[in-house]
């Protein structure tokens, strides 16, 4: 087994990887930016090295520095997590050149799947169905794209060639609005991936986003661990994922799983990866893209299969054969993951920054929380707003939903706004309970306000609470007029009073 | 289903029951003592009523008040948890008389099993093997006991007739020391159960403490959910439990399980219960006692079977038939529970009280924490010292141990001393890893010091840390000589400085 | 002490009788009200019902987060109420509006120019933070006044970006 | 600033060079030392090795809890060291010892009487707390002095129960 693994990431996923290494008896090396000195992955790791200033370009994207550190500290492998350098084939190659194992696919597979246009071409050859769109390999001018658009037909999607996570993605209703949207798409793609290339894809309406988890070893074995339902998105950002999907039956699952495995074979894939499909109302499915890395939502698959995906990643990266054959993979119960973001659900999901002053995690049976934050930690504007993943397991989907409700109600975070109320409202929505939703549901058919109407209202209690707090504050502020008369007990009050105003 | 359940308990188990009710859509009613106004079960429940002053006798043992509250708030069931009123047949009867469902066995079963001496007599009739001892029903004088002692032979155990959890239990090596030990046993029994009666039992040496989880419904169905290994004890207090036990193979498991079910039938048992056995080196097993309630360590069984025991308790109390048949019960992987107590492992496990100022819970895959405390909560001397249960699941026992090590290392509690270091040392002990231990292991063959020698030492880092802290404190105390010159920022320092001296 | 408290248009007269009692619209309740962990998290027991809420100050009101629902609440004592009534009351729609940065970030684009007429809801600035592009919209119709930042500039939280007159 | 630091008999000379450097027995290390969440929990990075520890004050030393192991550490600056040396050093065995309650609880029994000769380790008082009976033992041989409490009495933490002379 590896002796020492460097984790080229931050936040909850870095912590997740530290845990997997610990449980395999492997030493861990954290890297961190100036903003993350107190981050949990730094606190938990055996070694920690500073990369540079807070902005990603000067820290977590500094491939060169990271490889130097790995060399100097004698790490024999690097785990990239997701985001940052996870899908940069040049980084994977550089690790290999430095004689350091990259815990992920071969550089060539990342390149093949990383360029979305090339990926489409590759899987089409392998006989995998894709969404109609521009088949040409990247680099198209606005003019070319505008002309192609009419052939594909509207509505359509502009997507970043180097893209992922909806960045640089725009939806186009008509020829007229397309030029402006091309601009903003290229701009976002440029700032996110340093590559402004985009391509077009027909928009499948009423579609679900279904993805399959792939595990492959270096001996040619490729299996899938079933699907994840990821249709609940906002601005192409996933908000909630489930396994299994209420849209699939065993037959369709096997059919799509087989195609997913075929797509992975097409780029002779190794390690963990995810094949994303669009599934339309008539159960036609189209290859969307492959994420050549560990996925944010991998825990829902772990909960229903009992397989530790990160540990398995490390094993196969070491050259071991997969611990499971396809027939060993059994699905048990239902799992749901809510992404807890530092953002204000009552103000257009505006990101929220600040210091977490208090937090109470939901625990108990069937509840798992993956997080990189804790009370006293500062949420900065430099990285993505996800501060935790709340995952629950239940014998049935209904039980999982009831458990998630219970867990969300227990979860307390003070210091930043979170989208917990959004998830609570979602849990109460009848369409979600019925499993009847597509990728448009959140944006087009869900509103915090309307949905709220279903839940019981409690104006009077709210009035009483606000009045009591207002009253108390008036009294407190009164007690601190004369500073000189303060004694210790007063300071405590003041401290509290100041916190209340943070 | 029930509409409203009153939870006649406190701490982690009250929270556990609130969760089960929530997930079944049942309203919850908490009761609390003056010391528990801010306890988690009060914060989480839908309703909360004050019982009285902190001491149990004036609060959680006030059966009369609790039943009045249940009546007045319209609760249609009461869950007693464990301890307090859980094994008081008069309380179960009183609930029935008040037309409130008691979520547990019939009063008659509690009575039959509650009097340890009678219980022995009952199961003997049913053909269940028991440890040799005084067969007579309680109420024996010291003289009678002393005379019986020589017939049973030494070493032997004095046990409280009304007992449980090792309270009022004493081990006797010889006739000489017996009178004194009888005194202290009766004294402790009196103060714990208001009943000073004791009986004698032969001491089985090198024995393991193995218990079976029973679930029974009102329709005569009784099943077992497998065993729990509870041999790791100190002063007859369980410290760590596992499922399954490394001492059992499938054949022995089935044999003991069948006997356990037979013992439950003997008192036509209903709801959840536990049959405790002693298992000697030659795999002979003896009925010890039946705990006619939910057990502290029930989560390890939940982790390996996937069955929510508390929800099932509520269902069968409502008159439903069991959701599972014996053949539906499957065991998957291995689970371990560490009881996290507020006590000082470096000072004879002396209880530790105080306010928890900081806490960081271990989370992530396969980790579950059941707790009733949080940062800001005060640990008082009135109730038992268990502040949390840390439970992990692994595909194998080895993986469970590695995961528990990881979780214990992550767990931070500041404000009270905990026995976390004890568990960490235990996880490193070779005999524990080998699964080779009996009920005497912790007291006779385990020492924090010796065991520690295995682990790596780090004197130099400890020296550096202590020096840096001492240095910082000297500087800080210097900054606060002149009180009048303080400004806000200073107050913060002072607050911190004061906390550091708590 | 008497307060006039308004929740989404609904008005309550709340009187703090003493530590353990309040009166709402003439009905008296027994209450037990405590702060949890010295945080703006409050535990309130009213006649046996246990409620926990995160209560914090909004720009001009109180925000009460209760069971996954946010209640905007205004609390005024009688004096304040009278004063506002005298002042003609109601929230003032006119006057200059200053667009402030809701969080630290990078100004990506400013699709408007000084003096330009704008509509309520129109995007007037794009701010990038946490790797997301956030579109800041006009709160009402008006004209763009002074623009204090330019594209490519990093801004602090609450920094004034531009004004709408 | 120079300190003489002793861990279980092992002595280290630790010099605080500056914010980022210390010198231990002549060897200089680069360090990054921070407290976490304003708690006595410390994060220390020494030449890349990351350590986290709970450090608190014992009666006459520092207790360092590091990776599940407790290190009792004494830290003295040179002046203190010299003073102690002059005073003859070593922990004083003689003198009156006051048995204090390690936690609040109920005195269950006092199996000794004033003036009674006792041996080190002998049980001199039984205190019930958290439903457990805790036997408090004599720290050394001696004679029971004044007994300040009686069975059945509730006592506060740190309250003096009796003395051993």
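Lettered A, B, C and D in written order, each chain numbered from 1.
Keep in mind that, in the parts below, contacts are C-beta pairs under 8 Å (C-beta built on N, C-alpha and C of every residue); 3 or more make two chains touch, one makes a residue touch a chain.
All values reported here derive from a predicted model rather than from experimental measurement.
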Among the remaining chains, which ones contact both chain A and chain D?
B
Between B-C and A-C, which chain pair shares more contacting C-beta pairs?
A-C
Just how far, in Å, is the C-alpha centre of chain C from the one of chain B?
47
For chain A and chain B, what's the span in angstrom between their mean Cα positions?
38
Chain centre separation in whole Å, for chain C relative to chain A (CA means):
30
Here the gap between chain C and chain D, centre to centre from mean Cα coordinates and rounded to Å, is 51
Residues of chain C touching 2+ other chains?
37-39, 49
The positions of chain A in contact with two or more other chains are 358, 374-375, 409, 492, 495
The chain A residues in contact with chain B across the complex are 15-16, 19, 22-25, 44, 299, 302, 306, 308, 332-333, 358, 360-361, 363-371, 374-375, 395, 399, 402-403, 405-406, 409-410, 484, 488, 491-492, 494-495, 498
Can you check the complex and tell me which residues of chain B touch chain D?
167, 184, 187-188, 191-192, 235, 237, 342, 346-348, 350-353, 357-358, 380-385, 408-409, 412, 414, 420-421, 424-425, 452, 455, 457-471, 492, 495-496, 499-501
Chain A partner, complex, touching residues on chain D are 32, 34, 36-39, 43, 45, 48-50, 52
Touching residues (chain side chain C, partner chain A) in the complex:
1, 3, 5-8, 10, 12, 14, 16, 22, 24, 29, 31, 33, 35, 37-42, 44, 46, 49, 51, 53-57, 62, 64-71, 73, 75, 102-105, 108-109, 128-134, 157
Chain D-facing residues of chain A, complex
30, 37-38, 42-43, 45-49, 73, 374-377
